[in-house]
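The following pair of complexes shares a single chain, chain A, combined with chain B in the former and chain C in the latter.
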Partner chain A sequence: VRPILFKERARDMPEQLVDMQWKLGMAVSSDTCRSLNSPYVSLLLKIAEPSGQISQKALEMTIPQFQNFHKQFKEMAAIMETV
Partner chain B sequence: MSDVEATKSLNGLLNGLAQMVYYNKSEITEDLLKNELYPEMGPEEFKALYEKMKGLVKSIATADMDHAQLEAFLTAQTKRQGGSGLSAEQAAALSRFWKSQRVRVRESLLAQCRWEPALRGLSWRVDLQTGDSSGNADHRGPVALMELELGRSGQDSEFVCLEFDETKVNQVLKKMADIQESMDRIVHST
Partner chain C sequence: MAAGLSSEDFTNLQLLLKAPSKDAVRDVCVQSHRAVSQRLTENTAATFSIPAAQAAQLIQSLHTLSHHVLFYNLTSPEQILAVFPESFHSSLKNLITKILLENSPAWRTEALSRQVSLPQLKELDWRVDLVTGSDSVSRMAVPTCLVQLKMEDPCPSAVGDSISTVTVELSRESLDTILDGLGRIRDQLSAVAGK
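Then we have the complex of A and B:
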């Protein structure tokens, strides 16, 4: 079990994930770099605050970052099964 | 300035340019570079050198040149007449610079293109709920708390703390498996 570093900021009022949308994209070119060739995973999280208000959070990850995120989720699920 | 000193100063200038343009080091300025590296040079002469080198570095970075492209590009630059030409030593310095900095510059350019927040950090824990204050036993079961640290390049982090029961975790895992499957399909078709 990993050491948990929770800072005070949000842990008292955790929010619920209502929905998660995803997109797999490839950044091809930009004004500062003509040849990006960079795949990425884009997530749109729909989150319900304790008040009931729904907010959206978008985030972007590289492929290795997503794979690590996925791995952590699997570990978390495995622990939940044993608890 | 001797040849050795000129090379050292040019290396410093190129690295300084990378710090300013790609690595967000706001403490590095054109004036600082002049005072540190070319204190004896006239201001107009330095400005010309600075702009020339900056332009060349940007051209090389924007095209993300490989070894062959870089050599062709630098050779063409050395053949140019007049003030815009490049000496052989300068071309060599640019070549060394790009070989050592290419990966880091590219990562910086990629980060600049990411306009949505990135996942900077992640921590989680699993609690076991044993009931709530109303004596309701229905709420027993493992609960996962996950804290996501999100942030855009150069900006402070935002923290989002999410709570999941087992059902929700499995729903998310299913979506992640779909993402992984999509990625695998693309890799195999390219």
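Then we have the complex of A and C:
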């Protein structure tokens, strides 16, 4: 069970996730393996700093990782619901 | 890169007949797959009692062979045996084939994890906070989620660290939007799997 913290919001706000773009792809071939057939999910996260500046972070994950990722976010939402 | 196999490569591979044991053959096959190095050349020359120049050629040819098997995903004994010329020493051919078959699954997994890609997700940690006050609002009860993502860059720059961390805060609304997106990915995966 994740600990829930009660806190005062400080003047310095943490970075906010403002957008998430996604892509479901299939790696077909590479220089090491002619036949890959390996699906993956890639995400582009848009993050707003307290200053207002927007930065981007791109990442990839395998399908099992994605399924765990999805499960974690569902848990977060469930807990947010109860608080 | 997948270089082709030449008859010279098979000549070099017959140097394996000088190995003191089957384990020595196995060791040099596995190590040459990873990298062709000066140290490996020296060790092989000593173990096999052959000149360094010949050891270097043997290692290079083994490297070419194992990467050929990996690239074309040769997974059956018949497929690998077919790579060798007719005249190749029969028991050595069988031993090499056995070693390649044993190691191929691990080599493939390793290749998949090291291929060209965006930074890979390594860890996801999160915490739900209840914000009870701020400088603008003295009393409130707003749940927010703090999410930390750790990513590993498979092709890090020489100077940089390969692991990067992103920590972001999510409001209820952002979280719902993300869940919506993740749900669509799940739907797409089901649709593709169903085909």
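Keep this in mind: the second predicted complex is superposed on the first by the 71 of 83 C-alpha atoms of A that agree within 3 Å, B and C clash if a C-alpha of one lies under 4 Å from a C-alpha of the other, contacts with A are read in each partner's own complex, and residues count from 1 in each chain.
Rule of thumb we're sticking to: a residue touches a chain if its C-beta (ideal position, glycine included) is under 8 Å from a C-beta of that chain, and two chains touch if they have at least 3 such contacts.
As the structure is a computational prediction, the values presented were derived from the model and not from experiment.
Novice: In the superposition on chain A, see if there is space for chain B and chain C together, and answer fit or clash.
Specialist: These partners clash in the superposed model.
Novice: Given the touch rule stated above, what does A:32 touch, chain B (first), chain C (second), both, or neither?
Specialist: In the superposition, A:32 contacts both chain B and chain C.
Novice: Does the superposition put A:16 against chain B (first), chain C (second), both, or neither?
Specialist: both
Novice: Once the shared chain is lined up, is A:76 touching chain B (first), chain C (second), both, or neither of them?
Specialist: Once the two structures are laid over each other on A, A:76 reaches both partners.
Novice: Could you pull out which residues of chain A sit against chain B in one structure and against chain C in the other?
Specialist: Common interface on chain A, chain B vs chain C: 2, 4-7, 9, 11, 13-17, 20, 22, 24, 27, 30, 32-36, 38-42, 45, 47, 57-61, 63, 65-70, 72-74, 76-77, 79-80, 83.
Novice: Using the touch definition up top, name the residues of chain A that touch chain C in the complex.
Specialist: 2-9, 11, 13-18, 20, 22, 24, 27, 30-36, 38-42, 45, 47, 57-61, 63, 65-70, 72-74, 76-77, 79-80, 83
Novice: Which part of chain A faces chain B closely enough to touch in the complex?
Specialist: 2, 4-7, 9-11, 13-17, 20, 22, 24, 27, 30, 32-36, 38-42, 45, 47, 57-61, 63, 65-70, 72-74, 76-77, 79-81, 83
Novice: Quick check: in the complex, which residue numbers of chain B touch chain A?
Specialist: Residue list for chain B touching chain A: 61-64, 106, 109-110, 112-119, 122-126, 128, 142, 144-148, 150, 159-164, 166, 168-170, 172-173, 175-176, 178-180, 182-183, 186.
Novice: Across the complex, what residues on chain C touch chain A?
Specialist: 1-2, 67, 70-73, 108, 111-112, 114-121, 124, 126-135, 141, 143, 145-147, 149, 151, 164, 166-172, 174-179, 181-186, 188-189, 192
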